[in-house]
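All chains are identified by letter, namely A, B, C and D, in their written order; residue positions are counted from 1 within each chain.
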Amino acid sequence: MVKVTVWNENRHEQKNPIVRELYPNGIHGTIAEFLQVEGFEVRTATLDEPEHGLTDEVLKNTDALIWWGHLAHDEVKEAIVEKVKQRVLEGMGLIVLHSGHFSKIFKALMGTSCDLLWREAGEKERLWVISPGHPITEGIPEYIELEHEEMYGEHFDIPQPDELIFTSWFEGGEVFRSGCTYNRGLGKVFYFRPGHETYPTYHNKQIQRVIINALKWAEPAKRERPVYGHRKPLEEMKGEKSE
Amino acid sequence: MVKVTVWNENRHEQKNPIVRELYPNGIHGTIAEFLQVEGFEVRTATLDEPEHGLTDEVLKNTDALIWWGHLAHDEVKEAIVEKVKQRVLEGMGLIVLHSGHFSKIFKALMGTSCDLLWREAGEKERLWVISPGHPITEGIPEYIELEHEEMYGEHFDIPQPDELIFTSWFEGGEVFRSGCTYNRGLGKVFYFRPGHETYPTYHNKQIQRVIINALKWAEPAKRERPVYGHRKPLEEMKGEKSE
Amino acid sequence: MVKVTVWNENRHEQKNPIVRELYPNGIHGTIAEFLQVEGFEVRTATLDEPEHGLTDEVLKNTDALIWWGHLAHDEVKEAIVEKVKQRVLEGMGLIVLHSGHFSKIFKALMGTSCDLLWREAGEKERLWVISPGHPITEGIPEYIELEHEEMYGEHFDIPQPDELIFTSWFEGGEVFRSGCTYNRGLGKVFYFRPGHETYPTYHNKQIQRVIINALKWAEPAKRERPVYGHRKPLEEMKGEKSE
Amino acid sequence: MVKVTVWNENRHEQKNPIVRELYPNGIHGTIAEFLQVEGFEVRTATLDEPEHGLTDEVLKNTDALIWWGHLAHDEVKEAIVEKVKQRVLEGMGLIVLHSGHFSKIFKALMGTSCDLLWREAGEKERLWVISPGHPITEGIPEYIELEHEEMYGEHFDIPQPDELIFTSWFEGGEVFRSGCTYNRGLGKVFYFRPGHETYPTYHNKQIQRVIINALKWAEPAKRERPVYGHRKPLEEMKGEKSE
């Protein structure tokens, strides 16, 4: 079974009673709970722990990492970002949630600004399934409806996704590519839009299902990174061939 | 300059006074007019002409073909569809409009059912630009708004587009990949959603601009189709190499 | 476990003693054998059976279909091709092998000519892994080497693959996109180049492994096709919302 | 006409008489010369100039930037890399040549290691055209043959290209995706493999033609970057609508 680490900035929870009430154990705690029920081996890590909770030991033992951040992207140390990136290239899955679009790790893997439009107005969101044959959408009807969410709108400055899984409709008139997959090295990356901290989004069973599906899909390939670098001179190769 | 043929089924115009009033010279006539103003060399062709107006001579002299059909997809002869397909593979551009998603030629090039959701309720549509760097979106602001259009909704059963150019928001709660490019052989294909016959969509300057941009983008590559088939035996090749 | 049907034209085996010696039970027989060892539920079907062995009952009970054809593509009935295509859109996996690039079913799903260069000269082929993170390459080293194969060369007239899995190097100087995935409707399609009838390619353990991996990857999504067609009028929808 | 800046590290030219003989005015000088003949407005810039020759003024007046680097990737200042990246996101084209695969700017835009196999053995390379309909291949026959080049081999650790334009065959048994396009923000990026400093590759007319074609293709879109950030509250929008 996939070994999951749920990383959360865990700052809104300290400051905002609405968030604390929705997520008494933190957003990471709520996510960890429904993943444990599903049978995943789960640990959590947060910004204010040493090394942000992402030690070499933790990363080595993580098959897929979930990332939620917002207020304090800048406080995440470059060295940790670089280690997470290396682990993705080695095969670790990465599920980036909501405001994580602006995290250092997501921007480093995308190569673009990852900027977008946003509005906090508690609007209705509908996430339409664009790739019904994809395992991330298993068990999801034609759309997921969230009564109240923050709006994220296009243009979303990302590379064209390898696969576009969901597209959101918002009450106020915007659309958004809200579920996107990418391959980077041996690793699989999934960006999933919903999850503003002042709404109960991660208690929604369909949202939980998408995250569960994504973790299974992101399971690392059973292989080492390819060997890169210098190859034997052609003469030696020719010599071998002639023997 | 790109030589354009505008193909229209031209049946709604005969039956429906609303359509006739909006498009007195037919949808093809209206499209041909704004293309001529732009400087394209334009001809039109319609279903009820001999060979649907798409003779070998016409196809040979067409750089990019626009396709509007709806009621009578089934009446289009297979032999003509096959000729159009061959011309696309040779490099002719193809712009498929609105209900043309269900045309024989589009389905033959896609390999899928091209099915979708629809509703005629005169809803507001907003086409958001997803690829602002693409030449098809030149001169278009962040979105095009159409006050009244037919709704087309996901899931749209197409192969993942090579490039997703527009995504539509509809008042009633749906989204749709409303501008999609594909390469097929040497030819470029662009599907563009708007244009229900009972709305004045093709009089909209921004919609016209997208069609003009697409025709320029779809200009045929200046080359013959690759040579396929049998290659010389390796021994002969080796002989040549050693000389 | 994935229920597999191995379809083979089974004509070379009747005519050519070399092929018969390499594949005494037919190419389909050899493929079925190594799949059974792997635990798949396998049946075979051939061109000269009634309905080419692909009755509604067989297709309904097939999760993934393997296709090998060459001499007699034209003898495959359109009605059967259409049924296979519908099943792919419903989610059945399709693994197209070698000269199946020119089969009616592959061309119908691609929308292009699927033409290529070829030469029968028993050349060395190396299939390099382009997507090492993809499940189809599990257990495969950086390349598969086949001492003698037919050459297939670029340009290969296909739509750009959703994922490019392998690229072949040939002794005579050509390259070829030899492992390509596509999504069509709910179904997954994998084209895999090797397998000329006069070489023992399907006895190669690595080639077998790729086919086994592809069948697991192509397992149908656990869902019905989306519901397409007319949606309720906006007024009714608004009515419902206000209740 | 596209305004081009040719950037070259210009170190091999100082150290290696073979390189100096092949490129007496530097690799940048040779490239600039054939671009001027073609009518481009060209300037050059090199590592050892102040700000590596890439001042704000220069970048502002560059429509497309060519990048050749190898020995001294590490000496390129982060601040300059960041400025070049911003210009790409704003629409400036970027043509990365040969060993530039390991440049900071290319890695920053890709998000991967960009690692590969290599061997200096003066092998024959054939660059096969994979996308014959693409403007970058205009005027190029089915392949370009270079008698002697450094080998680069797969696996090449890049994101799947938006379009794969060329694939190379090497005498020693390797293949390589040697022409790859990417969209990043409003900018177009083209990676083009050939050009080892000890071979006369940039004197080859077909290689020159590809670079010329790429520069035309990479011409910036005629638009500003999208406006990102906060959108008006829904209430205000609703208010406006009701007026």
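Throughout what follows, a contact is a pair of C-beta atoms (placed from the backbone, for glycine too) under 8 Å apart; a residue touches a chain by one contact, two chains touch by 3 or more.
All figures in this text were calculated on a predicted structure; none of them were measured in a lab.
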Using the touch definition up top, find the fewest steps from chain B to chain C. 1
Touching both chain A and chain C (chains): B, D
Most distant chain from chain D by Cα centroid: C
As a multiple of 5 degrees, what angle does the CA superposition of chain A onto its copy chain D give? 180
Chain centre separation (chain B, chain D; CA means) in Å: 32
Taking each chain's centre as the mean of its CA atoms, chain C sits from chain D at a distance in Å of 36
Multi-partner residues in chain B (2 or more other chains touched) are 129, 131-132, 142, 153, 155, 160, 162-163, 173-174, 183, 185, 226
So what shape is it, when you link every pair of chains that touch: line, ring, star, complete or other? complete
Listed in rising order, chain B residues that touch chain D in their complex are 91, 129, 131-135, 137-139, 142, 162-163, 183, 185-188, 221-223, 225-227
Quick one: which bits of chain D touch chain A in the complex? Just the residue numbers, please. 85, 89, 108-113, 115-119, 121, 123, 151, 153, 155, 157, 159-160, 162, 171-174, 182-185, 226, 228-235, 237
Chain C contacts chain D in the complex at 126, 128-132, 142, 153-155, 160, 163-164, 167-170, 173-175, 177
